[in-house]
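Each of the next two complexes has subunit A plus one other chain: subunit B in the first, subunit C in the second.
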Partner chain A sequence: MVRAAPFPLRIAGIVFVVLTGLLLLAPLIVVVGVSVSENQFIAFPPKGFSLRWYQEVLSSSTYLAAGLVSLQIGLLVTVSATLIGGAAAIAIHRRQLPASELIATVFLSPLVLPTIIYAIGMLMFWSAVFGSVSMMTLWISHTVITLPYVVRTTLAVLAESDPFLEEAARTMGAGRLRCLWFVVVPQCLPGLAAGAFFAFNISFDEAVLSLFLRKPGLTTLPVQVYGQLEFSPDPSVAAVSSIMIALTILLMIVIDRMLGLGKFASP
Partner chain B sequence: MADVQLENIRKSFGRHQVLHGVSLHVASGEFVSLLGASGCGKTTLLRILAGLESVTAGTVTIGGKDVTGLPPEKRDIAMMFQSYALLPHLSVYENVRFPLRMRRIGSREEQDARVRAALETVQLGHLGDRRPRQLSGGQQQRVALARAIVSNPKVLLLDEPLSNLDARLREDMQVELIEIHKRLNLTTLFVTHDQEEALSLSDRVVLLNAGRIEQEGAPGEIYARPRTGFASTFLGSANMIDVDVVEEAGSAMARIAPGILLPLSPGERARGAATVALRQEDIMLSATPPGVAATVRTRVFLGARNRYVLTLGDRSIRVLTPHDTVFPDGETVFLTIPPERVRVVDT
Partner chain C sequence: MSDRTENLFLALPGLLLLALAFLLPIGQMLVLSVEGEDGPTLEHFSRFLLDPFYLGILWRTVRLSLVITAICALIGFPLAYIMARASPRTRLWLTIMVILPLMTSVVIRTFGWMVVLTRSGLIPTLLRDMGLAERNFALMQTETAIVIGMVQVLLPFMALSILGVLTRIDERLEEAARTMGCSFLQTVRVVILPLSLPGIVAGSLLCFTLSASSFVTPSLLGGARIQVLAASIYKSVTQVLDWPFAAAQAVILFAGILLVLAPYIRLTRQDRG
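Up next is the complex of A and B:
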C-alpha cells in the first residue's frame, strides 16, 4: 500500500497545482476579457461589453492578409514537417542506419537551439545564397523547427507497437514496400496526426523567425499582432488572440476526439 | 502442402554460432515439434525456414524448391508469432483477409468465403467486426491461427504460440491445434520449450541442444528411450545419478553407494562408472522394505500428485507419487523402481 503523503506536503501540492493552473489560465482570461471591452485602450477589467474589436479585426484587410499568410505557411509546414518527420522517425526507429543515434539527435536539435540564433543565421544564410527572403524561406525554417515534434510523437507510437508486426506481414506475403504502406504507416497515424497538429500550431504561433524573415507582404499574424501592440495598441490585438485561442481549442478537441492526444502529454 | 528439407544449416550472429549444422526433413502433412531450452536455436531455425533470418551455410527446400535465398513473402508459408502480431488498426475480419490480399489469392467473394470459413474453424465467426484489442488473449490467439491457415500455406510455422495463455486455455488450444491439423493436414513446425506440449501435439519431436539436434523421434519413443543425459533430464526431468554398474549374483546392478544397489534390466552388463536416469514418476515409495532406504526432506502438494524431495546418501532425489501417498518429513521410506525403467545413459 502506498502511504498517503504527510499533511504539509499535501497542502504544498495543492497550492502548487492551483498556482500552476492560475498562472496558465489568468493571462488567457485577461486577453479574452480585454477583447470584449468597449474601451479604446487596453485595460483590465474591461469596461462594458462589446464585440466591436472582433468586428474591427474581421473587417481589417491587414489582419486578414496576415492571417492568410499564417494559414498558408501553417498548412505547407504541416504537410512538409509531417512527411519528412514521419519518414525520419520510421528510419530512426528501425536502427538500421549506421548513425541512427546521430541522425535522431540532429532531428531533435532544433528543440534546444535558441530560435533567435537560428533566425539570424537563416536570414544571413538565405540572403547570402538566395537573395531576398520569400514565403519559401519561412516555409523551410518553420519546417525545421517543427520537425522535432513530428519525430517525437511518431517515435512514441512506434515504440509502443509490436515489433513483430512487420515480420508477420512479410510472412503473409507483403513485400517491403507494401509492408511499409499497409503496416508501418497505419501504425504511425496517431503519432503523425499529433505531430501535424503540433507543427501547424507552432508555425501559426511562431513570431521570432517570422519577425526576422519578414518583408512587405509577408507578415504573419503573430508579427502583425506584435506590430500593432508596439505602434498603436488597442483591444483588437486581444480580439485576434482570442480568436487564435478559440481555434486552437477547437483543433485540439477535434484531434483528441479522433485520436486521443493524452498519450503524447508525457515525454 | 509440401515437405521441408533443411540441410546442414549453420547460423552465426557475429562470432556467436547458434546453429551448428542442423539437418532435418519434415514430411508432407507431418507435425514436428522443435523442443529445447531458450537459446538452443529452435526459434532461429524456424525463422530461417520463414526467411526472416538468413543462413550462414546450408540450404532450405520447401516442396522440392530451393528457397534459401528467397525473402519471406516469396515463400508460401504462414507463421504464428508468440505475440500473435495481429494488426491493431484492422478488424478481425481484415486481419484474417490480410494474407489473401497480400498474396492476391482469389476474387473478393472467394476471399470472403475463405475468411468466414477460417473464422468458423476457430469458432470466432461472430467476432469479425471487432478490433484485436477488444478480444481476450485466447481469442486473439485463435484469430492468429485463423490468419495462419486461411491462405492454405505449404508450411505452417508456430513460434511458441501457446506460451502466453493460462493453463486452461492452453489445454483448449492444444486440442484445437490437434484437430485443425488432423482436418487440414498442414505440414507444421512447432517451436516450444514445453516438453509436455511437444509430446502431446506432434508426430515427431526434435530435441535441440546448443544448436544441434540431440535426439529426434516419435513422442512415445523419445520419452521412453532418451539416448543422452540431456534428453533424459529435459524430457520428464529425470534424476541423473552417477553410479557404478557392477555384476552381483549374475545380474547387472547400479551401485549408488557402497551397499546400496539398484537392479537393472537383464540386458545390461557390468561397465563401471555410468549415469542412470530415474524418472520422477517411475519411482515408487513405501513405508516398509524392500527397497533403497531414503529420508523424506520435503513434500510439495501438487493437487493430483505429491512431489517428494528425498535424501539418499549425499544426494537428493525427486519423486512424483499419487496424491494419497503421504509421508511426514524426516521419515525413512523405501524406493523401488522396475528394472526396465532404469535407463543407463551416455554422459
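Up next is the complex of A and C:
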C-alpha cells in the first residue's frame, strides 16, 4: 500500500486499513443487515432473509408522509441554495465587491457555527417574529446551512476557469446577461451540480434543525427515525435507513461523475 | 450598469438571506440569553456556571470532546498517510470508505451502533464469550458508547483535513530523507509529521467543535443519564421550555468554541498575509 515502507509495516498498514474500514462502515452494514431480517426484533447478525420490513415501510403512512416532507424540503433547498449560492460564488470569484474578503467569510460562516446554536437561534427568532414554525422555516434554515457547500464547489470550479473567456465575450459585443448566461454559468456547471447534490444530501439527512423546528405534521425522515429510536425501534426503522443509505450511494456516484470524488482530498 | 453593480446584484440574495435568516436569529439568541423580567441580567449564566450539576455536564462535554478528538487524530493520521501514498485505485476505494459514512445521516449511523452495542448486541456478546467482560457488562448508555459512536462520525473530517495537507507535501522530501539514511518510521516522524501539522491542527479543531456541539449521537448512545451540553440545551428548549436558559447555554457553548478557534484563526490570518 505504501511502497517505501518495510514489509512488516506494510502488513500492519493493511491490517490497520481493514480495521478502520470496519469501524467506518460497521454501522451501515449493521443497519442494512437488520433491515432484511425475518426477526420480529432488532438483531444482528440477522436471522433469515425477508423483505417484509421494506413492504411495511412502503405501506406505512407515517413514513411515507415524513419521506414526502423530506423530499419536498430537499428539492426546494436544492433549487434555492444552488441559485443563491451559485450567484454569490460568481460575484465572490471576481473579487470586485467592496469588502470581498469579509463577504466570502460571511458566506462560509454557517459551516463554522455549530448547527445546534443556529437551530435554537432560528427557533427563537421565528417564534418571536412569525409565530409557529412551518415548512418555510425548514426551507430557509436548510438553505442557510447548505449555501456554503454550493459556494465552495462553485468557487473550486471557477478557480480553474479561464477569465479571458468572459472578457472575449464582452469584447465581441455580448451584453452582461448574455455573457453571464452563455459564458460564465456553463463554466460553473460542474460545481453548481455537485453543490446541488450536496445541498440535497445535507438537507435530506439533517436532523438537528429539523428536530428543533418540528411540529406535528412537519416531521422529516431523520426526525421520524430519531423518534422511533428513542422509543420503540423495530426492523422497519432499519429498512427506512437502508433506503436512505441507498439514496446516499446514488448521490455519491452522481457527484463523482460531476466533479470527481478526488476533489474531497483538497478541502 | 457597472461591474460592481452586477456583482452586487449577484451576491445580494445570499447576503440578504444570511443577514435576515442567519445573523439576525443569532443576534436574537444573544439578546434572549441576557433577558430578564426587569431588564438585562446575567442570571441565566450564573445559574449554569454556579450549579455543580451543569458544570458537570460542561466538564463531561469538554472531556469527551478531547478524548474523541485525540482518538480521531491517532487513527486519522495513518489513514490519511496511507490514502496519500496508495495507488490511485486503492485511493479511490479508501476515499469511498471515508466519504460514504460522512454522507450518511448521523441518525442512521448512531442506530447502527445502538444495535451492536446494546446488552444482547454483537460487541458485548463477543466480549463476554471471550471472557473479557463480566456477565452484566453493558456498553449502551456509557461514555464509551458515545466515544465509539462519535469517533465513527468525526473520523472522516479528520482524515480529509490531514489528507488535504499531505497531498501537497513534495514526495521527494521523503526520498531525500531516506537517501540520507533515515528509516521509514524516522522519515514519517521527522519529515511528514511536522509538515502535516497544519492539517492535524485544523482537523482537531473541527472534530472538537463538532463533538462539543453534537447532539444526536450522545443523546441516543448516552441516554438521559449521561447528558452533554447540547442535550441539555435541547432539554431546556423542548421539555422545560426555558428559552432564555437554553440561549444562555448556547452562548456558553459558542463562547467556548470561539475560545478554541480564535488562536487558530489568528494564526492562519498571519500565514496568509
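Quick note on the criterion: the second predicted complex is superposed on the first by the 237 of 267 C-alpha atoms of A that agree within 3 Å, B and C clash if a C-alpha of one lies under 4 Å from a C-alpha of the other, contacts with A are read in each partner's own complex, and residues count from 1 in each chain.
Everything that follows uses one rule, which is that a residue touches a chain if its C-beta (ideal position, glycine included) is under 8 Å from a C-beta of that chain, and two chains touch if they have at least 3 such contacts.
All values derive from a computational prediction rather than experimental measurement.
Asker: In the superposition on subunit A, see if there is space for subunit B and subunit C together, and answer fit or clash.
Answerer: They fit side by side.
Asker: Specify the partner with more touching residues on subunit A, choosing between subunit B and subunit C.
Answerer: With both complexes superposed on chain A, more residues of subunit A are touched by C.
Asker: What is the contact status of A:V34 with respect to subunit B (first) and subunit C (second): first, second, both, or neither?
Answerer: The answer is second: A:V34 touches subunit C but not subunit B.
Asker: Who does A:G173 touch here: subunit B (first), subunit C (second), both, or neither?
Answerer: In the superposition, A:G173 contacts subunit B only.
Asker: Name the contact category of A:P6: first (subunit B only), second (subunit C only), both, or neither.
Answerer: Only subunit C; A:P6 stays clear of subunit B.
Asker: One more residue to check, A:P186. First (subunit B), second (subunit C), both or neither?
Answerer: In the superposed model, A:P186 contacts subunit B only, not subunit C.
Asker: Could you look at A:V112 and tell me whether it touches subunit B, subunit C, both or neither (first, second, both, neither)?
Answerer: second
Asker: State whether A:F164 touches subunit B only (first), subunit C only (second), both chains, or neither.
Answerer: Only subunit B; A:F164 stays clear of subunit C.
Asker: Look at A:L147 in the shared chain and tell me whether it touches subunit B only, subunit C only, both, or neither; answer first, second, both or neither.
Answerer: second
Asker: Mind working out whether A:P45 is in touch with subunit B, subunit C, both or neither, as first, second, both or neither?
Answerer: second
Asker: Applying the touch criterion given at the start, work out whether A:V69 contacts subunit B, subunit C, both or neither, answering first, second, both or neither.
Answerer: Neither partner.
Asker: Mind checking the angle subunit B, subunit A, subunit C on Cα centres after superposing, to the nearest 10 degrees?
Answerer: It is 100 degrees after superposition, to the nearest 10.
Asker: Measuring by CA atoms in the overlay, how small does the subunit B-subunit C distance get, in Å?
Answerer: So the smallest C-alpha gap separating subunit B from subunit C comes to 11 Å.
Asker: Hey, what residues of subunit A end up touching subunit B and subunit C alike?
Answerer: Correct list for subunit A: none, the interfaces share no residue.
Asker: List the residues on subunit A that touch subunit B in their complex, please.
Answerer: Interface residues on subunit A, with respect to subunit B: 161-162, 164-165, 167-175, 178, 182-183, 186-187, 189.
Asker: Please output the residues of subunit A touching subunit C within their complex, sorted ascending.
Answerer: Those in contact with subunit C are residues 1-6, 9, 13, 16-17, 20-21, 23-31, 34, 42-45, 83-85, 87-88, 90-92, 94, 96-98, 103, 106-107, 109-110, 112-118, 120-126, 128, 140-141, 143-144, 147, 151, 176, 180, 201, 204-208, 211-212, 222, 225-226, 229-230, 233, 237-238, 241, 244-245, 248-249, 251-252, 261-262, 264-267.
Asker: Along subunit C, where are the residues that touch subunit A in the complex?
Answerer: 1, 3-4, 6-8, 10-11, 13-15, 17-18, 21-22, 24-26, 28-29, 32, 75, 78-79, 81-83, 85-86, 90, 92, 94-101, 103-116, 120-122, 151-152, 155-156, 160-161, 163-164, 167-168, 174-175, 178, 183-185, 187, 209-210, 212-216, 220, 230, 233-234, 237-238, 243, 246-247, 250, 253-254, 257, 261
Asker: Where on subunit B is subunit A touching in the complex?
Answerer: Residue list for subunit B touching subunit A: 50-52, 71-73, 77-79, 81-83, 85, 87-90, 98-99, 102-103, 147, 151, 157.
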